[in-house]
Amino acid sequence: MILDGKTPTGPIEKTWDKHRFDMKLVNPSNKRKFKVLVVGTGLAGGAAAASLGELGYNVEAFCYQDSSRRAHSIAAQGGINAAKNYPNDGDSIYRLFYDTIKGGDFRAREADVWRLAQVSNNIIDQCVAQGVPFARDYAGYLDNRSFGGAQVSRTFYARGQTGQQLLLGAYSALSRQVKAGTVKMYERHEMVDLVVVDGVAKGITCRDMITGELKSYWGDAVCLATGGYVNVFYLSTNAMGCSVTAAWKAAQKGALFANPCYTQIHPTCIPQTGDHQSKLTLMSESLRNDGRCWAPKNKEDCDKAPGDIPEEDRDYYLERKYPSFGNLAPRDIASRAAKEQCDDERGVGPGKRGVYLDYATAIERVGEHTIKERYGNLFEMYEKITDENAYKRPMRIYPAPHYSMGGLWVDYNLMSNIPGLFVLGEANFSVHGANRLGASALMQGLADGYFVIPYTIAGYLATITPGVVTDEHPAFKESIEQVQAQTDKLLNIKGKKTVSEFHRELGKVMWEDVGMARSESSLKNAMQRIPEIRDEFWKNVNVTGSSNETNQQLENAGRLADFLEFAEVFTADALHREESCGGHFRTEHQTDDGEATRDDENFAYVAAWEFKGAGKAPELHKEPLKFDNVKLAVRSYK
Amino acid sequence: MHLIQSTVGRKILMAVTGLLLVGFVTIHLLGNLSVFAGPDGINAYAVKLHSLGALVWVFRAAILALFVVHITFGVMLSMENSTATPSNYAIKSRMKTTFSSESMLYTGLILLAFLIYHLLHFTVQITNPEISAGTLPLDAAMRPDVFSMMVLSFQKVFISLVYIVGMIALFLHLSHGLSSFVQTFGLNNGPSLEKVTLGGKLVAVGFLLAYVAIPVLILARFVNI
Amino acid sequence: MDLTLHVWRQSGPKDKGKLETYPAKGISPDMSFLEMLDEVNEELIKTGKSPIVFDHDCREGICGMCSQTINGKAHGGQDRTTVCQLHMRSFKDGDEIFIEPWRARAFPVIKDLIVDRTALDTIMQAGGYTSCHTGGVPDGNAHPIGKPVADYAMDAAECIGCGACVAGCPNSSAMLFTSAKVAQLAVLPQGKHEAMARVMNMTDTMQAAGFGNCTNHLECEASCPKGVSVKFIAKLNREYMKALVS
C-alpha cells in the first residue's frame, strides 16, 4: 500500500497556515463533550494534555511514573533549538528547516519539518511565559549556544538541565489544568492495550501499578506520547521504564510502525563497567569541543595507564579520518569510529569497550580553571560514576543507544493509520528522518504537544460524534480479558530465568548485530536469534508474585514481551533498507574510506511496517518522500 | 486570621514572640547583673522597678501574653510535627539538625518549669521564705534587701544548680532560636546563613555565661554579704 | 565485597512491615546502589522469594523517582547524590546497610520501599505555575531578566521533587520543596503577578496534606540531592509576610 501523508500542497512556507485554516473547528461549547486520552506525560504528552485541557476538552492523562513530572524528557541536557535568530547570525525558519532535513539525511517529510521550524519560536515564548529559567546574558536577554550539525547559535538552554526545566514548565501547565478540573491525571498507570472499535481508536486498557487492577478508559481520541524504544538494546541512556509497549500495543492493533531501524547512538557516554550494569549515562556532546578522542595504536598498550602511552603510540582517530571536522564530527560518525577502534581490539577500560577523551591538550592551552568552568559538572558526574579524575587522566567514553527516530507512522495531522489514534513526540517517526540533530528532540516534543495537536485533533473530532462508543462497548471487556490472559500466562510459566536475563540476552543480540554497524549476515543472525530468545522466554521465564499487587517483575516481563516482538520488525527494517543513511549504517553500503552511501533512487521513502503476528513476516508499506524545497546532497564532514 | 492558622504564620508568631522574650531576658539580665555592684546596685534597681507602679503590671501582662502565645503555638506546632512523622527510622542520623534545634520543645518546657520555680522563689517568695526579701530586714538605705536574698539563695548549692540547669536550657533554646528568627523573618541569603547560625550560638553563649556567673560567683564566694 | 542489608519489607499500605536481613555477596565497587539491589533481587527471585520493590527510573539523578533512606540518611547522605548515583565504592566490605522508605505521614508506604508522593503534586497544583495560556504570549525577550535573577530562579528550579527534604526533615515538612517553586516564580516577571496568592495557597495545601511545620532544622538542605538552599525558605517567608500585609 502506498501511504498518504496528507501533506498540504502549495508553497512550503504557507503550508501550515493554510492547513490550519482549512481544518474544521470544534465549537467551544462542544469541546467538553469530547474526551481525549493522553498517554505519557513527557514534553509531548504533558504539553498536549495541558493545552487540550485548557481548550476545554475533557482530558484524561496517564503515566507510569509516580508523578507527571518524571518522564525521561527530563534527562535531556543540552538545549532546545529555535529559529529566533536572536544572535543575528543568519538563522531563519528556512535554515532550521534545511538543517533538520539535511541532518536527518533526507529521510523526513518536508512539510512536517517546515512546521516544526515555524512553531519553534512559539515554543521559546511559551516556555519563558511559564517561568522556565533559560540562561540569560547580563543585559537580561536570552542566551544561545551552538550545537552539533548547525553553523548558527540557535540553542536555548537552562544550564545542563534544559529538558528538566522544559518538562517542569509543561508539568506546571498540566498541574494548573488538573486543579481546574479539565484534566484527570492517572499516575502509576501503564497502558497495556489499545481499544479499537470498528477500526477506530476508542480507548485504552491500563494496569494500575499499585493494585494490579486492569481497567479500560474510553475516549473520542487517543494520543500516544510514550517515547522511544532504544531500551530494546537493554543498555541505553533511556530510563529503566522506557519501553515500546504502548506503541507496540497500537501496532498489534494495526498501527504501522515506521522506520524502526533509525536509532541514534550517542558517542559520549560512560562505558560499561561489567555485566551488572543496568543503564548507561550520557554526557553532553559539548565535551567534544575541547576533548581529543584517541585509542592506543598497539593492542599491547591497552592495559597500560594512559599516561604511560607515548604520544607517538596514540591514534587520534577522528582527527586522522576527518581532518576538517576532527573531534566535532557528527554523532553517528563519531560513534562508529569509536566502535571501529574497539572492534580492532584497541579499546580501553573494562571489557575493552572504550576510547579516551583527552583534555590534556586543552588544559595546557586554556588552563584547568577554564575547563572546569566549561565542563565542571560533567567532570564531577564522571568522577561520581567512575571514581576517576578526568583532569588528571583522560575520560573513557563509549557510544550508547540514545534516541529512536523511527516510531509509529503518522500523517501530517499526527494521526496514525488508525483513525482517532494520534502519536506525538519521540513515539512517532515524523521529523528527524534517519538522524536527529542535537537539541531537536525537545523542540519536537513541545511543538507536537503545544502547537500541533491542539489544531489537528480538532480537525478529527469535528468529524465525529462525541461519546458514541464508551467503555460499555464489548471491545473494552474483551481487551481486559485478553490482557488478563497474557498476564496469567506470564505468571504461570514459572521457569528458571529472570526477566532481566532475557532482556540482557536480547540486548546483546541487538547491540552486536543491529547496533551501530549492520551487515546482511549480522542482521540475518539476529533474525534467527530473536525468535529463539522469544520462544525460550515464553517457556522459561520466571515472573514472581501475583497480578493483583505492585509487581515490577510483571511490568518488566510485559515490556520485554513486546520488545521481543518489536525487535524482529526492527531487524527486518534494517535488513530491507539496503543503504546507509543517518543512524542506519549498513557495512555493505559505504565508500572506500568508510563513509555512508545513501540510495535515494531506491530508498527515498518511509518504510511503514504492518505487524502480522509474532514470527510472521511484517508487511511493508511505503510512503514516498518528495523533496521540492531542498536539493538532495551527500553529507560530508571530511 | 491566616496568621494563626497557617504553617508559616504561626512560625512567624513564634519568631516574633520569641524575639520579644529575648528582649525581656536581656533587660532582666542587665538588671540582675547589678548584683555585682552590691546592695546599692540591685536593691536600688528593685526599688526603681517597683516605683513604676501600674506600668509594672502592664509590662507583666504583656510578658505573660508573649509567653502564652509562644508556648501555645510551640506546643501545638510540635504536636503537629510529631503527627506528621509517625514512625522513626531504624537508624537515626542527622546531618545538619542540631541537638538544640531538635530539643526546642523540651528545653522550652524545662524553661517553663524553671520560670514557675523562679517566680515562686523570688517573686512570690514561697519556696524559701526564710531568706526572702519579704522576711529579711531592710538594707541600710531602708530598701527591701534583694541583694541578701540573692546571695543567701545562691549560697545554697541546690538552688544554684536549679538556676544553672535552667540557664543551660535557655542556652540551648536560644542557640537555635536566635538564628532561627533570622531565617523565619526571611533575612537570610545563601552565604549569610552560616554566619547567622554562628552568631546566634555566640549570643546564646553570652547569655549563658552572664546568667550563670551570678550563682557561680556567689557560690565561689566572690560575692558576699 | 560482601554486605549485610537490612531492608524494610511491607506487603501493602495496611501491613505493619518490618526490617528483613539479606546478604549481598560479591558486590563490585563499580556498581550503583540500585544495581546492587538488582543483584540481590535476582538472587531472591532464584531462591523463590519475592524481590524488593523500589522506585527508580532514569538512574542518572534527574527524574527524582528513586527514594530510599540509607543508614538513616535520605539518598545515603552523600553531597548532591541521589540513590541511583550512589556507588558501592562508598561502602566497605562487611558493612551493614539499613534501607528504609521515606518516612512521613504525607508519604504513605505503598509497598516495601515505594511511597506515595502525590501530596507533592497537590502542592504544585495549588499554584506552582504561571497562569499563562498556550499561545498568545509575548516574545521571549520582551521582558529582559537580569542574569543574577535568572540564575537565582534556576538555582531554585533545580529541585527534582524527590521528597528527600521531607524524608530528612525531623518534622516531615515539605517547606524546601514548596519554597523552591515559590521563590523561582516570585523573582521572575512572569510569575510575580500571582506571587501572593501562590505562597498562601501552596503553603496552606502543604499543611493540609499532612506535612509538618518548618522549624529551621536545615536538615532538608543537607538531604537535598540537588543542593537546593534553605535561602529559598527565607524567601518564601518574605513572600508570605508581603502577602499578609497587603
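By written order: A, B and C. Residues from 1 in each chain.
Everything below uses one rule, namely that contacts are C-beta pairs under 8 Å (C-beta built on N, C-alpha and C of every residue); 3 or more make two chains touch, one makes a residue touch a chain.
In this text the structure is predicted, and so the values were computed from the model without any measurement.
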| item | value |
| --- | --- |
| Arrangement of touching chains [line / ring / star / complete / other] | line |
| Per-chain Cα centre nearest the global Cα centre, belonging to chain | C |
| Computed distance of Cα centres, chain C from chain B, in Å | 38 |
| Between chain C and chain A, distance of the C-alpha-averaged centres to the nearest whole Å | 27 |
| Averaged-CA centre spacing for the pair chain B and chain A, given as whole angstrom | 64 |
| Chain C-facing residues of chain B, complex | 2-3, 6-12, 77, 80-81, 83-98, 101-102, 104, 176, 179-180, 183-190, 193 |
| Residue ranges of chain C touching chain B (in the complex, touch as defined) | 6, 19, 69, 71-73, 77, 98, 100, 103-106, 168, 170-173, 175, 199-200, 203-204, 206-207, 210-219, 221-223, 229-231, 233-241, 244 |
| Parts of chain C lying in touch with chain A, wherever the complex brings them together | 11-12, 28-32, 34-35, 38-39, 42, 45-46, 48-51, 53, 55-60, 62-65, 81, 85, 87, 89, 110-111, 114, 116-118, 120-121, 124-126, 128-135, 137-141, 143-147, 149-151, 153-154, 157-158, 160-161, 184-185, 188, 190-191 |
| Residues of chain A defined as touching chain C within the complex | 47, 50-51, 54, 65-72, 74-75, 84, 86, 122, 124-142, 158-159, 161, 164-165, 168, 171-173, 175-176, 178-179, 185, 187, 210, 237, 239-241, 273-274, 276-279, 281-282, 350, 381, 384-387, 450-451, 454, 498, 500-501, 542, 544-545, 549-550, 552-553 |
